[in-house]
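One chain, subunit A, appears in both complexes that follow, with subunit B as partner in the first and subunit C in the second.
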Partner chain A sequence: MTATLTESPIAAEPVPVPVRASKARGGASRALWVLPPLVLAAGFFLYPLALVVKQSFVDKNEHVGLDVWRDVLNSPSFGDALWNTVEIAVLSTLGCLVVGFFLALVLSFVPFPGARAVGRIVDTVLAFPSFLIALAFTFLYGTAGVVNAAADNLGLGEPLVGFLYSPWCVVLAEITFYTPFVMRPLLAAFALVPRDRLDVAASLGAGPLLVIRRVLLPEAWPALAAGGSLTLLLTLNEFGIVLFIGAKDVTTLPMLVHAKGAVTFDYPGACVVAVVEVALSLTLYAVYRFVFSRTGAGRAGLVA
Partner chain B sequence: MTAPAIERTEASTVGAAPAAAAIGIQDLTVRYGSVVALEGLSLEVARGETVALLGPSGSGKSTALKAVAGFLRPASGRITLAGRDVTYEPPNKRGIGVVVQNYALFPHMRVADNVAFGLKARRVPRAEVTRRVTEALDMVGMASYARRYPRELSGGQQQRVAIARALAIRPPVLLLDEPLSALDATLRADLLGELQRLRADLPDVAIMYVTHDQTEALALADRIAVMRDARLVDLDAADRLYRRPPSEFTASFLGAANLLGARVLAACAAGDDAVEVAVGGLTVAADPTRAFAEGERALLVVRPHSLEVTAVDHPDTLSATLTATQWRGADYRLTCVLDGASGQSGQSGREIRIDVTDLAEVPALGERLGVALPAEPCVLVPAGVAG
Partner chain C sequence: MLVWSRSGRAFVWALFALVFAPLVLAPLAILGIAAFAGDWNSVLPASWTSENIREATAGTNYDSLVVSIETALGASLIAIVVGTWAAIAARTAPRFVRRLTDAVFHLPVAVPSVVVGLGMLVAFSDGPILLNGTKWIVIAAHAVLVVTFAYSTVSAGLDRTDAAFADVAASLGASAARVLLRVRLPMLLPSITAAASLAIALSMGEVGATIMVYPAEWRTLPVSVFTLTDRGKVLLGSAVTVVLLVATLIVLLLVGLLKGRVEERKRRR
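Up next, the complex of A and B:
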């Protein structure tokens, strides 16, 4: 077939295409799609957040300034709450990483009857409210809980378990609740590791620990980091578990916001703590995005 | 691959009898739940010998290899390496080199680190690791790729690295599980040639080679174990198994032979050189693989390339009708249906395949042809016995 480039005598006049008008219509159409979510985000999230930030600079006498911030940041209760928040979040996250890695390892590579059912339970826990775990802990480890009642029946005397109202109980409850958040991405990552790779590593002389350390861990690192970062973010902001356990001297930033806002009606002070909490979370999220973009986990789809 | 000869193996042969096989498998059975994946396999591989486990999917060949490697726990039976019972030993204690179909390279390690993995796991001194990694990569022609990651290599290169990694630990036994299956045809042919050269460089290593490809098995193996339905069907030297298959399944799987229905005209004993059989309307001499009774139904094993196409009225030929023609570059494969014969080949029971290299004119589909059997006696196997 030969193509001719000469103009056809019967060719119709080219119809002028209104490129700009078309682009303008496309732009307007896109704007219509983008507008509703923007309005929703602004109305229900950004505006209230802006009000909180604004309120943090207005004291009880309606004076605008940094007085409220100075008072809150210099107060011992804020320092304690900040320290408790970070300490509990870090310890809980470390615990979740250790327990989650171990459990995901067992579920993925140690075949046993019911492994699939356990996997489903893990998924279910993700849908539970966090205070449920705290409530369960109260039933289990409270002064009149199952464990202490059993100990009493056995004649062991004093309450055997007395850590319910300590920071350690908060950490334990958060580990219990948030471990599935580490396990889920790990299980997905382990499912992608070919069994042959582990078998060959073993045939080359590597024992189980070496296989985990040199073969499995490097492949699971992005999933581990993703699960750990998410857990750290969530535990920093955890409120239900801390409130329900009611541990003595365990005030975290969310608890402090609650106390100032709902108990002492110190709204400006509550707003300051809330802004600090948001800043802490956003900073952590920024670090998380930065680290993942550098390690390539983002390319693997682990960063939204 | 270049070929610096590898140093002798570091096999732990403590306590082994001098004549012990490098690999000994006795009555090995492996089950996946209620499914029997391998049943009663007994096999020995001598030092320096290559045995191919050949069979279709699900025949149990890979299961056997995984049991030897220690990746699967057998339900019963015994596995020995140089006389040492390793049946329940973990893989890391067996000292076996394993190469699998999908390479199983560690993606986060460079080529050199992949090859060094086994040496470091065995706590070989650092200087020695470097030397041995270089030596192993030299063997497979991959020394210049040492700094690359697996993702930067082609499939053939990755498989070479996997072989180097397995050889670096100097195993007395090398297990290859369909190592060429993931490669395209050209690469497969190239790497097959390189494996042959490598085999010559490893005179002391016992190799168990799992494949479903008869070409690989015939090219590499000293002996071939033909497997089917979780069982060993036949085991013999590769050329003997090809030339004189003892069973119908081996004849058809190894070399895709035509199996023509035949009737034994006179009884014969197991060691007899020849026996007369009736095939179609012809009486021909056959080479019996066992004793046959007079009148017994049997199958004549005829390779596609040993049949000849003649004129339809040619004397001493079987008449057939051409049903399909396939040009394969080097030859034509003609598929015919025998007239009134009771052959076993093909779906219809009368279909035969003929490979012809010098065809002056391609016959038309539906054309009637004469098919001449080879002059030398064809092998006669029992009918309807899988082995």
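Up next, the complex of A and C:
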């Protein structure tokens, strides 16, 4: 249909005319149509963000200056939160990359009966709220949770006391939730690899590990880079999982924003933390967009 | 084929099960178990009950369910209209405007949801537009968070549809409004419904911005789950979570049905 429209000389003749005519009406009127949504976005998104930046320079007594910044940046809770946020995000992303690569590899190249159903389960996890995983983890790894109870029944004692409230539990929960974000572009990339290539490599005597390293990894790099940087961005901003696990010692930047903004109503302090957090994730986002445009990973099945 | 020997494949599959079962299956299964657990002090619950599910769909939890659905539908509708409009209008706008629109509508992905909530609090607690304390601050926050997905999904849909159809319709004398309503929007229907489903699913499960801005009488289901688990009522919390997932699924199914009906009508015309 499309091909006949663009290729047949009869149909192609009249098409350019209206296009040129509408161009002649000038870009200005067409640019005007973008204004309503842009104004809405500016009013409900950019303006509040700008106010957050402004508020971070005004303390509770309406004094303008860097006092709030100095107080917040010097407080030990901020340093801890910053370190926790970066540490948890980096560890979770690495975990997602390793687990996601392995799972996608098996689903694509060592498929088993029911592999497609597994793929669908993974896809549904993408639509779930993240706190669901954290809630499930309290039942699995809590002090009275399934794993401890099972180990106790076997006479092993309770090996996971305190695990639920450690940063490791948050990392594990984030790996569970965000692995699909790495798997999806990887599965799309693997689907494009001709199976003959693997067969040829194997027939020339290459073992599975060599095939992975020399044939599959080069194909997977763009998807790994795009999926990995998106995951890093999302884990930096993750709030639901940390909130629901509720470990006292695991405070991240979003948790600090919540504590200052919605619990103690210290808006200026919350704004300072928010500005730092946004600067951090915007930098990463710029890197992500760069990778994304360079590799065309958007076509590989990523939404954002 | 990557692994050729039978024993090698068995080993890889065992490893897959070893990773997949505890990481993905167990958390999903455990929530279902918890929602129906009566008394749970050992590996598996000692008794089963549907009491939790009944409580999760009654009283304040029922109110929260209605609030969640209304918020999701309202915010998604706003996001779809604004996102689709922006995506279509940006397509024909000059390069500079198009890039600006692209940047503005992609930006919310990079901003943490708590910060979106904080911004709403700072901007709309006083001044000309007073939203704080009303349900509109929740709906506005959700709309901001999901509009980026609506925009990028519809933009991707535009990339895949052929602009020649609209040009041909215009060359045959159809007015701009007619081209939009009869050619462009119908061609975009799959991406618009996909965007709606995604927006609804995200909005139903949103916690970060909601917990910053919600007024007492407009508490969404995820916030209810948090207050329940925070008070130690974890079994009831899981039941409410299961209700949330089922409700989300039902709403998404209805969106799918609606899409089917529209396509049916299109075919008959």
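Quick note on the criterion: the second predicted complex is superposed on the first by the 246 of 304 C-alpha atoms of A that agree within 3 Å, B and C clash if a C-alpha of one lies under 4 Å from a C-alpha of the other, contacts with A are read in each partner's own complex, and residues count from 1 in each chain.
In the analysis below, a residue touches a chain if its C-beta (ideal position, glycine included) is under 8 Å from a C-beta of that chain, and two chains touch if they have at least 3 such contacts.
Since the structure is predicted, the reported quantities are computational estimates derived from the model, not experimental observations.
**Student:** Quick check for you: in the superposed arrangement, does A:V200 touch first (subunit B), second (subunit C), both or neither?
**Tutor:** The first partner, subunit B, only.
**Student:** Based on the superposed arrangement, let me know which partner A:R30 touches: subunit B (first), subunit C (second), both, or neither?
**Tutor:** second
**Student:** Where does A:L210 make contact in the superposed view: on subunit B (first), on subunit C (second), on both, or on neither?
**Tutor:** A:L210 contacts subunit B only, not subunit C.
**Student:** So in the superposed three-chain picture, is A:T176 touching just subunit B, just subunit C, both, or none of them (first/second/both/neither)?
**Tutor:** After superposition on chain A, A:T176 lies in contact with subunit C alone.
**Student:** Could you look at A:P218 and tell me whether it touches subunit B, subunit C, both or neither (first, second, both, neither)?
**Tutor:** first
**Student:** Which partner, subunit B or subunit C, is in contact with more residues of subunit A?
**Tutor:** C
**Student:** What is the contact status of A:L233 with respect to subunit B (first) and subunit C (second): first, second, both, or neither?
**Tutor:** A:L233 sits against subunit C, while subunit B stays out of touch.
**Student:** Take the contacts of subunit A with subunit B and those with subunit C, and give the residues found in both.
**Tutor:** On subunit A, the residues that contact subunit B in one structure and subunit C in the other are 199, 202.
**Student:** Could you list, by residue number, the parts of subunit C that touch subunit A in their complex?
**Tutor:** 1-4, 8-9, 12-13, 15-16, 19-20, 23-28, 30-31, 33-34, 41-44, 82-83, 85-86, 89-90, 92-94, 97-98, 100-101, 104-124, 140, 143-144, 147-149, 152-153, 156, 162, 164-165, 167-168, 170-171, 198, 201-202, 204-208, 211-212, 222, 225-226, 229-230, 234, 237-238, 241, 244-245, 248
**Student:** Can you check the complex and tell me which residues of subunit B touch subunit A?
**Tutor:** It comes out as residues 66, 69-71, 90-92, 94-98, 100-102, 104-108, 117-118, 121-122, 162, 165-166, 169.
**Student:** Looking at the complex, which residues from subunit A come into contact with subunit C?
**Tutor:** Residue positions touching the partner: 2, 5-6, 11, 14-15, 17-19, 22, 27, 30-31, 33-34, 36-38, 40-42, 44-49, 51-52, 55, 99, 102-103, 105-106, 109-110, 112, 118, 121-122, 125, 127-133, 135-140, 144, 146, 149-150, 153, 175-176, 179, 195, 198-199, 202, 208, 211-212, 233, 236-237, 239-240, 243-244, 246, 253-254, 257-258, 261-262, 267, 270-271, 274, 277-278, 281-282, 284-285, 289, 298, 303-304.
**Student:** Write out the stretch or stretches of subunit A touching subunit B in their complex.
**Tutor:** 194, 196-197, 199-207, 210, 214-215, 218-219
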